[in-house]
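One structure, as structure tokens, below. Some questions next.
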Amino acid sequence: MIAEQTLTDQYLRVRAHSEVICRGLETEDYVVQPIADVSPPKWHLGHTTWFWETFLLAPNVPDYCIFHEDFSFVFNSYYETVGRRVLRTDRGNLSRPTVAGVYEYRAYVDEQMSRFLDTAPISADLLALIQLGLNHEQQHQELLITDIKYILGHNPLFPAVDMPVVEHQAESSNSPVEISEGIYTIGYQGDPAGFCFDNELAPHKVYLNNTVLSGNLVTNGEYIDFIKAGGYQNFRFWLSDGWAWVKANGIQAPLYWYSIEGVWHNYTFDGLTPVDPDGLVCHVSQYEADAYARWKNQRLPTEFEWEAAADQLNWGSRWEWTNSAYLPYPGFSTAEGAVGEYNGKFMSGQIVLRGGSVATPDGHSRPTYRNFFQPDKRWQYTGIRLVKG
Amino acid sequence: MIAEQTLTDQYLRVRAHSEVICRGLETEDYVVQPIADVSPPKWHLGHTTWFWETFLLAPNVPDYCIFHEDFSFVFNSYYETVGRRVLRTDRGNLSRPTVAGVYEYRAYVDEQMSRFLDTAPISADLLALIQLGLNHEQQHQELLITDIKYILGHNPLFPAVDMPVVEHQAESSNSPVEISEGIYTIGYQGDPAGFCFDNELAPHKVYLNNTVLSGNLVTNGEYIDFIKAGGYQNFRFWLSDGWAWVKANGIQAPLYWYSIEGVWHNYTFDGLTPVDPDGLVCHVSQYEADAYARWKNQRLPTEFEWEAAADQLNWGSRWEWTNSAYLPYPGFSTAEGAVGEYNGKFMSGQIVLRGGSVATPDGHSRPTYRNFFQPDKRWQYTGIRLVKG
Amino acid sequence: MIAEQTLTDQYLRVRAHSEVICRGLETEDYVVQPIADVSPPKWHLGHTTWFWETFLLAPNVPDYCIFHEDFSFVFNSYYETVGRRVLRTDRGNLSRPTVAGVYEYRAYVDEQMSRFLDTAPISADLLALIQLGLNHEQQHQELLITDIKYILGHNPLFPAVDMPVVEHQAESSNSPVEISEGIYTIGYQGDPAGFCFDNELAPHKVYLNNTVLSGNLVTNGEYIDFIKAGGYQNFRFWLSDGWAWVKANGIQAPLYWYSIEGVWHNYTFDGLTPVDPDGLVCHVSQYEADAYARWKNQRLPTEFEWEAAADQLNWGSRWEWTNSAYLPYPGFSTAEGAVGEYNGKFMSGQIVLRGGSVATPDGHSRPTYRNFFQPDKRWQYTGIRLVKG
Amino acid sequence: MIAEQTLTDQYLRVRAHSEVICRGLETEDYVVQPIADVSPPKWHLGHTTWFWETFLLAPNVPDYCIFHEDFSFVFNSYYETVGRRVLRTDRGNLSRPTVAGVYEYRAYVDEQMSRFLDTAPISADLLALIQLGLNHEQQHQELLITDIKYILGHNPLFPAVDMPVVEHQAESSNSPVEISEGIYTIGYQGDPAGFCFDNELAPHKVYLNNTVLSGNLVTNGEYIDFIKAGGYQNFRFWLSDGWAWVKANGIQAPLYWYSIEGVWHNYTFDGLTPVDPDGLVCHVSQYEADAYARWKNQRLPTEFEWEAAADQLNWGSRWEWTNSAYLPYPGFSTAEGAVGEYNGKFMSGQIVLRGGSVATPDGHSRPTYRNFFQPDKRWQYTGIRLVKG
């Protein structure tokens, strides 16, 4: 019975980490939603709990007693198959349930889940669903970190908080990576018992050309050169949509950068500090990444080039913007039901990011993982890798 | 020294009442701002404190030590003469300072104010400023109540809370009040040592015609008749702006009214309960009040008719919409400096309400008081009185 | 039968003047709608014709044949009782019916109207309706002029056109006008057989205080002094709504003013020319008028003060902003049916202007006439008169 | 001298066709701009003329005299390198220059161009620029047709006009087309002296899987089945962005479809007529195309699958939505200067369409041509081809 015991431990370890991320927060920090992209931390804590209750406990535990009938309404997200959704922009108006109430909800569901994992026979389907749930919660752990950063980084007091993230990453010096023209296989081909998201399937062949990827990500110092060279004032470097975005929003620097008496500062979980020129640039949009690359007469990699080179790259500090639209692989198919809705729905208008970041949970990075956001989003730990040719 | 002692007591009593209003709140309830009109309760608590610190303590207490230099930025409001403002719509994104921090701020300022009031000589000018501060805090007490109601009344859990307000008011049966054609004097003429706002001055003569004001405010039951008669579907009853508002916002009933299986319910601080047909209708816009009056072939009173009849009316449960635009009286003048900015700035686009409501602080109602809001606002305790002729 | 003949002449003279206003237009100028407030000239020509067809001909001429069944849809305006409206903002998208088609429509209706007026017995009710129609068309003549000016004044070619308007008005020097405290009668009291709009009724008494109205309107030169003194940069002079308007729209001068190499130019029907400092300032919003007055430590008149002084004032060049909200007079009542909808509907959110302008049709000005627009509107020929006390 | 003579003929033939498209228009039809995507026809006629004047005549004809100095301001488009642009949304407010003036401009430039082409030595670079200009004008010819359709198809009179387009296309019955797994070369490989746009370069290899493309495009009748099956009401068929678009815009059918007493009608240049079930569905967004495909348990082709199969497909009636984002090919590079700005700027947020339509100019279709629009656009002649596997 070691396997089931391990599963319970794994479950509890993942669940506990969500709460570790929040250990430095004040109650008030859990509640607010400054922009639609950023969810209140208490919503993340409740939503991930609702996932376990709705998809694992309710269908599988006889006579399972729902913790609170209104929580499905409050903590549901995009899954249109499961009841009515709270509009994302409304989440920041909900003072109730309280943070304490959400923690009670977590404790209740964790106890029920522990008992269930300890005692119920776990079929292969159930195991897959549990793995999905763990990965879902881990995705929200990264969002918890980035959303908390947004909330605190837009507060005029710029509070420092204890957060299990090492944000500052100095660039080591790595050699460029060449890939040679030919056929490469893309997509998850790992242990069939391992986990991947549906969007990493099916493995398939692509034809790539000779390319050289930079061994290093762009640093803050290099990016400051772009700013000083008038990068944000010259439309020639920008995509049409990107230039419209720069002008409409008055963009002049990466997110969280503030110029104080001529010196660039940035907000991190340590508070507001001068930008380290040796650190890796972070919190840039794909528009900015693309403009920087054009200014350098280079370009961003495709997600296929990146994956083909991944084993030789030093990655994991910043999500790396590619120039690939987020689209289905050949043979992609969507699972039935609400759980299957997720990834396929978003295959329009989004850009793939590859790699992982300092905020990505351990064991949650792999070379085939496809992260995706609209090209104007900056609140994730995003960075820039250049390609020649 | 009795006078100064009394002033300290009066100060502390007003200040304490702001905290009494919040006694039933959870920490989370203090933080959110669901719409721009509604400020987070902790902002009200901080802003009123900032008023005392900025206008009383800082200019008058030698070597006064500001509690926190960033609080002026956070808790300032419309006074453009005092530093840069936080945009009102941003208030709901500020998790810091914490609620506990705001209460510390209040305690610090209250202690400083007590010492100041106990020991400093209070000139007539200072006394006037202190009275203004007390009235300012009382105005925010009413807003605290209405803003808390909005926050909780738009939460899907519809929580009940302990609140020092008796919301339900059954209508007593009062006779209509006639006023006769002739000259009436309007505006504050009370004790010169008493308090009034600048917008109640100067007293002046107006000529009124024969009019009959209803002795009673419109009840929920009467208003339900308007709804049943298709009042919200027929443009003929509505002002052009009102009809545009109805259509753009899909208005079908007063604020906080929800139809549950065909029965009108409304949110009060007791939670969600069926509407009492004998209660006074509440939370209607001036557009709705005007449309109801037209449906009845009557009209709303002017603020002058109301004031002329005030002594014979039974008022104080609902702010009564008039059909008077909020404009300066003859001889109106604005005080110098930031404090003087307030009332005159808003004499455009707003409608006068007269009377007072169940949320109005004691001793803060008088026949000459001019409340004012845009005609689409509904979150105050607003009601309807009709006029014939 | 002289009366009916005269009526036909009067009808044809008014109708012809609408076309005189358009004599300098190119076909293209009739079609566009740069902002929602400004209607395409061909719409004005069609709408006024639709009025005669719908309210006079169709109900009164046996077997009257409608010119085109779709024109009611295209040329109807705010009258919700008569079919479905074309949204005002859509008018500028309608290339058909053509301008030639609209002129054919006018010719058809004019012929039918002439025959009707020449032959039918005209009851008192019909006569009142015809007078309303003539005044309605005259109101649209003023709008035709101001809308054409907006269309051409926002075209980068700034074309000059032949227009029967003398825009430039130098200020004569007139003495201030005093009115003494007391009771005044306001509202139309003229010949009962004469014409007035419903909003000028009923005559009623008001009580006014001692006031002095300037004998002169503000000149361009005086207004330039306000601009030079930083009037548009200092919030202290502005109503809260006005300041928000200045900032949101980047307002820096009256409408049609353009600074060319440091010299203020303005567009008139003569093209783009330097501003004449002796001319009367024109195309200002009420917010600007109010700010100018505050800068001068004066104020705008109420509509009652203006009317009481009208006989002694030199007026008619500019619509004069008052500080009176557009509200019903005591005893105001609305006529039945679609025609009666008009004036009462707009008694919310608008400001009264008094007097008349260089664009106002002859015989269409009287001391009791109440024009009204929202306080941010500037495309009418609006000016500023100041009041002391 | 045959080559140059031919070039002049070719130039004049292309230019004349732009005017043939407009032969059925009234002057008014040239002026309006109902939505930002749709330009006024006179703008297209002026803009294409401005292209020749700015890029060919002005740099190459000694002492060339510009027709009108303000036209560059009025008729420039997205080329930020050439002066200040008129905002696209403002084009519909410009009544001047008149349509007649634009035709004079065309005649002037055509005469200058004829003389230039007849007499000047034409270098290879110049020839390439002339070919670009011809293709540019032809692209605008297709837009002229679709923009005119939008203008007339949103007019309540639904006017029929003479237009050189056969809109109705019945589906012939074609066999499905299989493509086999393997490497294919994509991109323009034709005569180096022939013309292609920069976005068709460079030719490169891609790896494709076994796929079967439908031999036929979806018909109106098939699409009506989708509507009847509740396709627009069921979120399961839709991309997340697509569903948001459906709800925000109340989409219920293809553009130009109107339900009249339960029967689907559509606007064509023949006026408003019942939808032909055998015709090819037209004017659908990529969201609709994708939803239709999901409802059929199929999918849209990639642009590479389409190009690989093109020789076996019957295409040219409808632009066929692919599921490929519009992105640069390997080796893509942008030409220097304003002319080079065009295609690369838009490689973000757009979807590739392949094939051509009934509105595409003769000789302007080729298997490598990449058309592109945002996925919500519907006013082009867009259709649906399905893919299995």
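Note that the chains take the letters A, B, C and D in the order they are written out, and that residue 1 is the start of every chain.
The working rule: a residue touches a chain if its C-beta (ideal position, glycine included) is under 8 Å from a C-beta of that chain, and two chains touch if they have at least 3 such contacts.
Everything quoted here is computed from the prediction, not taken from an experiment.
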Fill in the blank from the handout: By label, the chains that touch chain C as well as chain D are none
Practice task
Going by C-alpha centroids, which chain is farthest from chain A? Tell me that one.
Solution key: C
Problem - Separation of mean Cα positions, chain D and chain B [Å, integer] - result: 58
Fill in the blank from the handout: Chain-centre distance (mean CA atoms) for chain A and chain D, in whole Å, is 37
Problem - Residues of chain D engaged with two or more neighbouring chains - result: none
Exercise for the section: Take each protein chain as a node, join two nodes whenever their chains touch, and name the resulting shape: line, ring, star, complete or other. Expected result: ring
Fill in the blank from the handout: Per the touch rule above, chain A residues touching chain D in the complex are 78, 80-81, 183, 204-207, 209, 235-236, 239-242, 287, 290, 299, 323-325, 327-328, 330-331, 341, 345-349, 375
Handout entry: chain C partner contacts - residues on chain D that touch it in the complex
Key = 26-34, 70, 73-74, 86, 92-99, 151-152, 154-157, 159
